[in-house]
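Here come two complexes built around subunit A, the first alongside subunit B, the second alongside subunit C.
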Partner chain A sequence: MNKILLFLFLSFFMADLSSAQNQQIARQGQVSFFSYTSVENIEANNNQVLSIIDYSKSKIAVSMLMRAFVFKKDLMYEHFNESYIESDLYPKANFEGTIIDFDENLASQTKIIKGQLSIHGVTKDIEIKTNIQKNKGNYTLDGEFDVLVKDFKINIPPILASNIAKTIAIKFRFQYQPYEE
Partner chain B sequence: MKKSENLFLLIAFLLIAICTYFYVFPLLKNSNEPLTKEVAELTIDANLLVKSFAIDEQKSNELYAGKIIEVTGTIKEITYYNNRTTIILNHKNRNTFGVICDLNHTEEKKSQFLKPNQKIRVKGICKGYLKDVILLNCSIEVLTNE
Partner chain C sequence: MKNKFIHKSILFICIAIVTSIQSQSLLDKLDKEFSNIVFDEIATFKTTRLGLMHSIETRKKGALQLSLYFRYWDTPNATGQKFLADEVSTRYGLEYAFSDNFTFGLGYTNFDKIADGFLKYRLLKQKNKDKKGWFSLTLVQTLSHRKVENTSGNLYQPSTSSEDIYAFVTQALFARKFNPNLSIQIAPTFIHRASNSNSNDANNQFAIGFGGRHKITKHISLVSEYNYVVNPVKSFDTYNTFMIGVNWEVSDLMLQFHLTNARNFAEDTFLTQTTNNFNFKDPNLHFGVNATYIIHTKKKKIR
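And then the complex of A and B:
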């Protein structure tokens, strides 16, 4: 009986250890978004995006604080957080996905990441083309994609509709490090 | 008659000036300026801050998020990803948690002389918690190691 317990305990412990070994973390990933219209260009950066990649399972998870986006003007920050994203209700944006046909040994590859993006309490399936680099065992992911404002139930008052693009371009770059527990 | 007209114009002008000062200037303001002159709402130890967020994130958000706070702690590392200088403060028990302090550009010169395990005080705007507590627009002050 005791042996079985010991075995179970050990196997759990080993499983836990191996999963941590196959993970890498980026705590200071960068996500930027751009809205270009003839009236106004809006740009915001978030340099504290958290991401964990599990390269043995080809899984990736991303989480960011909406209030950590930095704008050029305070008014943009206020509108973004209070009227559009409603950061008090939905403080984070999340992404969870799987890298399709991921080969963990290649130094450079371009793959599609399929997953769910949650912004403003709305979850949507999305596919993102991503460049994956491996340098000295550490991964770097970067890419660009577009989202539609209306997909995430973000209401923009008609008076400001000409200031904000219907399609927002999003850029990201994550530099991973080994995940030490 | 002429006098009252002038008076009216003067009042109108004053009103416009006051409105501009209070309503238009704030719209153009950019608060990515250093916080050196601002007074922090509270001072807290880095370990306590992380612990507080780890125990009850929602309550801690109400207490700290959006406020200017001062955090004392020891430096774990200094990073330079994406052209930003960032100081990460240690959490004494858990290696994976800490406080991420994104420095204001004007403070970057000071950070050259910092070393890991040095004790510092960081003033910044608390944004919330992911795996670490995040402070933006930080200014730093070196403390003597006790």
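And then the complex of A and C:
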């Protein structure tokens, strides 16, 4: 009985360990967004985005702090956090999804990632076309997609409607390395 | 038998622990990594003034702030047929932020002909985690100058002499953002006048200011402040100043509308020499508009 117990315990432990081995993390992922209008261009960059992939299960998760976005003008930073994204109430943006038809052995592939994107307390289903590179066993993901401001219940007062684009372009790039807790 | 039961329960616990570890999602793993990040609280107030007094806010490095402050009021039994208001006082102001914490400002008011300058330094900043910083503290030192002309001599040989009057105000502004909408500020104030027209009046005065803002919408907030003078001047009646108003933020432009009994803009004068009480009789009610525009002379590089 004791041996069986030990075996069970070890096998569970090994299973957990192996799942951690199939995961890679990016701690300095980059996400930037752009709003182009005829009045002004707004762009911001976040270099501290976290992402984790589990390549045996084709799963991916991304999390970022809204306060970590850097803008050209400090007033933009304040307005973004205070009046639009409300980072006091919704400090993070998250994404969780599955890479469709992911083949962990290919050196280069372009796949669709299907998942849920949460910004400003609103969660939306989204599909993102992503380039996946594998170099020396480590993955790099990058891509581009658009989101609509109104999808995430971000209110822009009519007087400022011409300053902020209705569609925001988002770019991302994550370089992963083996995950250790 | 007992042994078997213990084994079974251990087995059960093991499975429970292992499954709980495995059920931890990828997002939960990421959440753990963020738990220790501390930020400064931003936008305790939207502008560098509450209305009358300074707020704890300063502009960030390289920002140039242009400001026009207007105060309108009616004179009682006015004979003139002026549009809207009988009198107007305007302060032209300029502020430049040398660093994120240090600002220098200058201003001139055309009605009372007071020139003023100030230095402002952000000493402590409230953090998003209470244990690391519970409130913000900003120090303000102002200097104001005005010329007073004294006419002496007789009717046929009048001689005028002018006197420079300087006054200094030192303020410690304590503020806390209690939640995204509500911020409160308390400001112990020391006022020193280098010279007084009446020798009975104290050269040093103490005051304490209370102010707060409450956001109504994301761009509009309600503000109010009250300044209590501990030892008012004795030679004439003065009143404590009160202000209630609305702040409206339109991108780089801030508009502040308020009702107040204060006529002057320089700290030392409006705190200690306001001769009107707050009510709706002429000439006590003053309508104020502050327009503030921010120009970023330095832009951050985005990689």
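Simple rule for what comes next: the second predicted complex is superposed on the first by the 178 of 181 C-alpha atoms of A that agree within 3 Å, B and C clash if a C-alpha of one lies under 4 Å from a C-alpha of the other, contacts with A are read in each partner's own complex, and residues count from 1 in each chain.
What we mean here is this: a residue touches a chain if its C-beta (ideal position, glycine included) is under 8 Å from a C-beta of that chain, and two chains touch if they have at least 3 such contacts.
Values in this document were obtained by computation on a predicted structure and should not be read as measured data.
S.K.: Following the overlay on subunit A, give me a clash-or-fit verdict for subunit B and subunit C.
M.R.: In the arrangement built by aligning on subunit A, the partners subunit C and subunit B clash.
S.K.: Going by the contact rule set out at the top, does A:Gly121 touch subunit B (first), subunit C (second), both, or neither?
M.R.: Neither partner.
S.K.: For A:Gln28, using the defined touch cut-off, is the partner it touches subunit B, subunit C, both, or neither? Pick first, second, both or neither.
M.R.: In the superposed model, A:Gln28 contacts subunit B only, not subunit C.
S.K.: After superposing on the shared chain, does subunit C or subunit B touch more subunit A residues?
M.R.: The partner with more contacted residues on subunit A is C.
S.K.: Please indicate which partner A:Leu65 is in contact with in the superposed arrangement: first for subunit B, second for subunit C, both, or neither.
M.R.: Both partners, subunit B and subunit C.
S.K.: Is A:Asn163 touching the first partner subunit B, the second partner subunit C, both, or neither of them?
M.R.: Second partner only.
S.K.: Looking at A:Leu75 after the superposition, I want to know if it touches subunit B, subunit C, both of them or none. Which is it: first, second, both, neither?
M.R.: Both: A:Leu75 reaches subunit B and subunit C.
S.K.: Which partner chains sit in contact with A:Pro178 here, subunit B, subunit C, both or neither? Use first/second/both/neither.
M.R.: neither
S.K.: With the touch criterion stated at the top, can you tell me which subunit A residues are shared between the subunit B interface and the subunit C interface?
M.R.: On subunit A, the overlap between the subunit B and subunit C contacts is residues 27, 47, 50, 63, 65, 67, 70, 72-75, 92.
S.K.: Which of the residues in subunit B end up touching subunit A in this complex?
M.R.: 26-32, 61, 65-66, 79, 81-82, 84, 86, 88, 95-96, 100, 102, 127-128, 130-132, 134, 136
S.K.: Using the touch rule from the top, collect the residues of subunit A that touch subunit C in their complex.
M.R.: 1-2, 5, 8-9, 12-13, 15-16, 19, 23, 27, 32, 43-45, 47, 50-54, 59-63, 65, 67, 70-75, 77-79, 81-84, 86, 88-89, 92, 94, 96, 155, 157, 159-160, 163
S.K.: Residues of subunit A touching subunit B in their complex?
M.R.: 25, 27-28, 30, 47-48, 50, 63-65, 67-68, 70, 72-75, 91-92, 173, 175, 179-181
S.K.: Within their complex, state which residues of subunit C touch subunit A.
M.R.: Within the complex, subunit C touches subunit A at residues 3-4, 7, 10-11, 14-15, 18, 21-22, 25-27, 29-31, 33-34, 37, 39, 42-43, 59-61, 63, 179-180, 218-219, 249-252, 294, 296, 299-303.
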